[in-house]
């Protein structure tokens, strides 16, 4: 649940400071299962995702240093969270990761890229 | 998609300026259908709901005069929208109206009251 | 998945022959559970609902005798299915029954009434 | 919300004139975001999708000239809408487009293809 | 995510030891909001619900002493969780509480009763 | 609705005999539609999926011979059902098949592979 503004005329009323609830899904893919017959420990995945999201929750993104000068669109945030999650995984997973931010029941954005 | 803050210690991190996407549902109830075999013209209901929500969309509620000094919780907003919709209906419907604000797939709040 | 038309000017373009997919939910309520600690046998409820819906599936409602001269709105159909289900229950359940027809993810209609 | 028939014995009872509500999703993909840090202006995408769907809404597809002699299955319609949307985009987007028609909570069909 | 059996012939194949994932919703109702303009602290409600569910998670209910000789139907469990949650609330809430156990996207059971 | 245990320390409390409700989706993909303008007869697909799932429904997987010595994780089961469905299709479909097991509204696993 974040606040932000999108200061570019293309965004019309979303140039105002407004807000959004994002439901964040992370989808991990790999060609074969590991020795425990899983893609990844879902408990670990959940913990790492929470760790990555914690500094953003209940914040005004316009005031966070990591977003200075950036347009924090849903697409941008999907990639930002993807990349933070890759760092947090710290080589414990190889494959592909897709992060989806659901804004509402009719709008969402995803970013998918490799994890090596 | 609104921004707001909840300045009361009970709200913890939500005392910060943050934001939310609300999916707003309006449910109309009446004992018997009208002569067109409907509860209400769904086109009219949709238009009135949009009209009531328009001044809130993409706004920072902390800066709107109608919310000055109010804690704009989901529950408060459900009642506010209910009462605005009753005014907008302008006696064209008698029965009961329930307004639900969905914050996410796990949290929502409703207010239900009569329309006379 | 039915076809029908709504021949009353209040329905605008829905006066045309058009169609709808309805997802039909039946919700049974009673003050106390029966001796099997259930409200109703869900297998029986599912069978009776299918039995009631079978004559309507893949039909043009405008051509069915039971709807001659009726406006087959979602609200009307919710009550029709409710009443047919009460007959089908044949005194095997006492309580309250709510039938909901979901037209899409944003529109639905329900009818609730007693079963005695 | 359309009416249609599927005149081929393989469709069993769906050979009758019946109907369907389709929820139509359009998903746009591109390798990199544009200069506004978005995949596409979601307002424009919504307008173009509405424009493409308008001639089909509340119609009996059996009577529309563009579907003469065609089996208007969900799969066929997904591709039809995809191709109409590519035309409507009029070179304003390059990438991939997936159109999904949701018939109900258990059945859907998609068509995905390039937009150049 | 529990295992259990329903040893009564009315349950057919569910007399076998089998399992279920339940999504548990708690809905609190009161006539007026409290001084913080909320129905209840959602953080507290979530914590109490987790506390009530913890002894059931990943268990075989047939082996838990509190269910000895009981038919642990979805309806029975909805009331059990409701009553445990009323105890856990420990007079911090007055109103009505509805507990819903969702078994799948087509089956659920609720129990609603007062909290005093 | 199955019971099972996951006897490997990595699964923590899920080493206990517990259970799960899985909602199983099958998604068929092919480059071109067949002569009936469909990907596959959805009635046939539904029948084959039911046939494949029937021996698992309301069972304790720990006691079924086909799973002896296996860790029946959601990922493992997604592939098992995929492979059984490929056999059941008996060369009536060529393309790609993705089987998804939804455990709850926040967890799912899929397996996708070719059908030849």
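Brief remarks follow.
Think of it as A, B, C, D, E and F in the order they're written, each chain with its own count starting at 1.
Here, a residue touches a chain if its C-beta (ideal position, glycine included) is under 8 Å from a C-beta of that chain, and two chains touch if they have at least 3 such contacts.
Computed from a predicted structure; not experimentally measured.
Chains making contact with chain A as well as with chain D: F. Under the contact definition, chain C and chain D share no contacting chain. Taking the mean of C-alpha positions as each chain's centre, the chain lying farthest from the centre of chain C is A. Chain centre most remote from that of chain B: F (centre = mean of CA atoms).
Chain B and chain E have Cα centroids lying 29 Å from one another. Chain A and chain C have Cα centroids lying 42 Å from one another. Counting only residues that touch two or more partner chains, chain E has 105.
Which chains touch which is summed up as A-B, A-D, A-F, B-C, B-E, C-D, C-E, D-F, E-F. Within the complex formed with chain B, the residues of chain E that make contact are 33, 36-39, 41-43.
The touching residues of chain E, counted against chain F in their complex, run 1-4, 13-14, 16-23, 57-60, 103-105. Touching chain B in their complex are the following residues of chain C: 8, 10-12, 70-71, 73, 75-76, 79, 107, 109.
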